[in-house]
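Consider the two complexes below, in which chain A is the common component and chain B and chain C are the respective partners.
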Partner chain A sequence: MKHIITIAKNTLRETIRDRVLLSALFSSIVVILVTLFIGSISLDQSTRIIVNFSITAIYALQIFVAIFIGSMLIYKEIERKTFYLILPKPIHRGAIIIGKCLGLTATTILVTFFSTVVLLLVLFIKGETSYIGPILVSVFYSTLESILLILISLFFSSVTSPIMASVATIAFFFIGHASSIMQRIFMTTESVILREGMRVVYYTFPNLEKFNIRNEVVYGALPSLTITLTTIAYALVYAVFLLFITNAVFKKKDF
Partner chain B sequence: MIAGIKNWYSKKDLRKVLFFVIPLCFFLIMVMGLQKVHDLLLPPFTTKTQFERRILLPPEILPYVTFGFTNVLADYYWVRSIQDFITWDGKDLYYLGYLRNISALDSNFEYPYLFNILAVPKPKDVPMLDSIAMISKPQLQESSPSWKIPFYLGTQYYFFTKKEEPAKRYLYLATTKEDSPPGVFLVYSSITEKVINSYKVSRDLVRVISNTTDNETLKKLAERGLANDTTVQILKKGILAYHAKYKKFPKTVDELIEKNFVTLPQGLLDDFTITINPKNGSFRIRAK
Partner chain C sequence: MYSIEIKNVSKSYPKDPEIQIVKNISLSIKHGSVFGFIGPNGAGKTSTIKMLVGLSHPTEGSIKIDNKSPDDPVLQKKLGFMPESPAFYQYLTGYEFLEFVASLFDIKDTDERIEKTLKEVDLLHAKDKRIRTYSKGMLQRLGLAQAIINNPDILFLDEPLDGLDPLGRAEIKKIILNLKSKGTTIFINTHILGDVEEICDTVSIIDKGEILVTGSPSVLSQGYKDLEDAFVTMIQNRRKERGDILIEGH
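Up next, the complex of A and B:
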């Protein structure tokens, strides 16, 4: 546990110094502020525009951290040869993966916190406080999604190059958000192979649409407690599954 | 002071400064001149923009290519449609593509429907209104919670066509919604209640008497008749609207006032007692 916390702390320290991350955070905050202008040309729909565009900016920031910084984590350690200082030590390889994941999750939470505070400030200045609850729930959901994407990118970055890892994680991201298409195919197609193949993909690939409540925020609709608990359980089980396979691959890898 | 300036000059190498400043000014003038020449070569700059047809994705495929960014895309189309509305000629049905796409992405986004119903069709452009009604179909279902969309649509149909049928249909739909205000029921009952039209005729007749007679007694009688008639009409419409909403008649006039179905002239209830029969909605006005 001690090792995990140390690695997580180091990962957090290392990633928050990353200029790419700071630029992404800056861009996200700029987008949130620009929504004030876009809102002003939307004919009485400014709050809706601010909320929708801003939570999308926060979400994009989380996804960016998960995919691009996540896929660089292990590669950077190998590049700088710092990995060779950790590996000979009596640290379980699984602890490295968990530590890296926790560190990057902490980074994601940190940048999410800053950008969410900016959004809430903007809404507070505009006197729109009724959306705060749904926004916080939506951000929580998207943080769960970004944790899964961090684990996916860590898995790919432990088996391939950072570029390939990014591409593969982006592919997973799109597949994860195309669940309705897959569902439609396996419910309507007559081809048995395609139908069953789609069914397998639908049930085994992460269904990231489960974490998407951004479209309901402006209507103040919150998911029920049962749905929230099921989503958290789904994220948890999928995270353990990803950790398990990443650890298995990472153990076999020669550095 | 002059000595100071001379001293400053002597400290700096004037030639070096000139060699820097002169080319700098030269290049600046060149840049400005080239910009001017470039502007002359192009058509004159104007803030007026021309309407152009943009490429809009077919609404059928939209829900499958958004990858979770549904509302943002709907908002984008909304902002884009407002920008294009200024330059739109008011005839090209292409413009309705925006509403079609917004509807496909986020059918609960109420405002674009209202904007399109009220602002897009030019007076008496019934085909355009029909097209908007067609796109608004998801919001014209019984399960849809919005009363505004059917109400606005019904009102527009009434003004455009003067035909009661489509107006009645949409206004009735508006009255079935849970949160529709008393005004909706008042409008609906005004359109459907034929008695009011004959009442209007008699009222107009009394008004003519009041405006044309030289006889003071006749005039006073006519004015009193008009005032009473106004009260009767207000109460009648209010009771009908109350019945349309609650499926029962009110027991007292206070119920109508509390729920904003009627606004009676000030002091009327001090001089008169109004009793309503909750079984059939008939009422009596008696002096106290």
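Up next, the complex of A and C:
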């Protein structure tokens, strides 16, 4: 356990000393501020759209960290051979994977915190306090999604190059968002192969649309506690599954 | 009593499963002795040491160190490894890196131990500088520091004297001899033969994945001008036997 925290702390330190992360955080804050600014000069824009746009900007930041920083994380250590110094130490390879995942999750939470605070602060100054609750719930949901994406990109980054890992994770991301819609479309089809094929896709890929409540919350429709708990459980089960297969691959790997 | 036992180990990489980088090697290395693995570039020294520290796995054969498998954390706790041209996290300082390593070894008196180790490899003056600013020799010293910080019983060094000036070489050699006098078992990969005679009790000459001969440096040099002559002649004879093309003049 102590080793997991050591790796996690080092991963957090590595990512926050990375210029890419700071520029991503900076861009997302700029987008939020510009959106709010434009929103306040054009009167026909409703706050609803502005809020929706801002939480989407935060979401984009989270996805960016998960996909691009995540897919570099393991590969960099293999390529630069820093793993030669870590793997022969008395640490289980599984602890390295879990530590990296926790570290990058901490990074995501940190940048999410900063950008969300900026958004809430500006809304507060403008007197739009009714959106604060919905924003927090929605950001919580998208954080869950980004944790799953971190695990997916860590898996790919331990088997292939960062570019391939990013591409694979992005593919996963799109399939994960489209799978429930696709299944609904293909359910009506005559072809058994298509229907069954879609069913396989639906059940193997994570259904990432579960974590998207950005459109609902701006209308004040918050998910019930039961739905939230089921969503957390869903993310947890999937996370454990992903950790399990990444660990299985990583344990046998030659360096 | 043997510390390191290598039995019929072969290694091929998935890219070329036909080609054996290491061919059926067997070695027994005594507890407390210093062993030199010498061979030309591409002989398979690094591939062997990587299997010894659990970074990769033999395709065939077995490796036991103190009767344990190389990737056993109980064993790894008393093991030190310095890779060739070690690579570090550039964003850390030397001190921060050793702190990280100390915590993986569960070292308690971290600060004292780091200071002591840094003093030993003569790097105390640069401890708070980012590693990205280190010179090649400084990286080599930090590589040694992270390998000895846990007072290992068994130490694996891959080309430890590479990239050092004569002064630095002498210093590192002194550290190695000092560890030897304390009873540490040491496995060194090198192609610098002068150092081998000074440091090693036993050496094996390896070429193209095959061990040609094993013995003490003085015994191996018998009948030759010196160890270097023995090294070159034995390798060339073996290559001739295999029918490889030789470079004129040697």
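Here is the rule we go by: the second predicted complex is superposed on the first by the 244 of 255 C-alpha atoms of A that agree within 3 Å, B and C clash if a C-alpha of one lies under 4 Å from a C-alpha of the other, contacts with A are read in each partner's own complex, and residues count from 1 in each chain.
Everything below uses one rule, namely that contacts are C-beta pairs under 8 Å (C-beta built on N, C-alpha and C of every residue); 3 or more make two chains touch, one makes a residue touch a chain.
Because the structure is predicted, anything quoted here is derived from the model rather than measured.
*Asks:* In the overlay, answer first, second, both or neither for which of chain B and chain C A:38 touches.
*Replies:* After superposition on chain A, A:38 lies in contact with chain B alone.
*Asks:* Is A:17 touching anything from chain B or chain C once the two structures are fitted on A? First, second, both or neither.
*Replies:* So A:17 only meets chain C here.
*Asks:* Which of the two partners, first being chain B and second being chain C, lies in contact with A:87: first, second, both, or neither?
*Replies:* A:87 contacts chain C only, not chain B.
*Asks:* Give the list of chain B residues in touch with chain A in this complex.
*Replies:* Checking each residue of chain B against chain A gives 63-64, 67-72, 75, 78-79, 82-83, 106, 108-109, 111, 115.
*Asks:* Within their complex, state which residues of chain A touch chain B.
*Replies:* Interface residues on chain A, with respect to chain B: 38, 41-45, 48-49, 52-53, 56, 173-174, 177-178, 180-181, 184, 208-209, 212, 214-215, 218-219.
*Asks:* Within the complex, which stretch of chain A touches chain C?
*Replies:* Of all residues in chain A, those touching chain C are 2-3, 6, 10, 13-14, 17-18, 80-92, 252, 254-255.
*Asks:* Along chain C, where are the residues that touch chain A in the complex?
*Replies:* 13-14, 50, 53-57, 73-74, 76-77, 79, 81, 83, 86-89, 91-92, 100-101, 103-106, 143, 146
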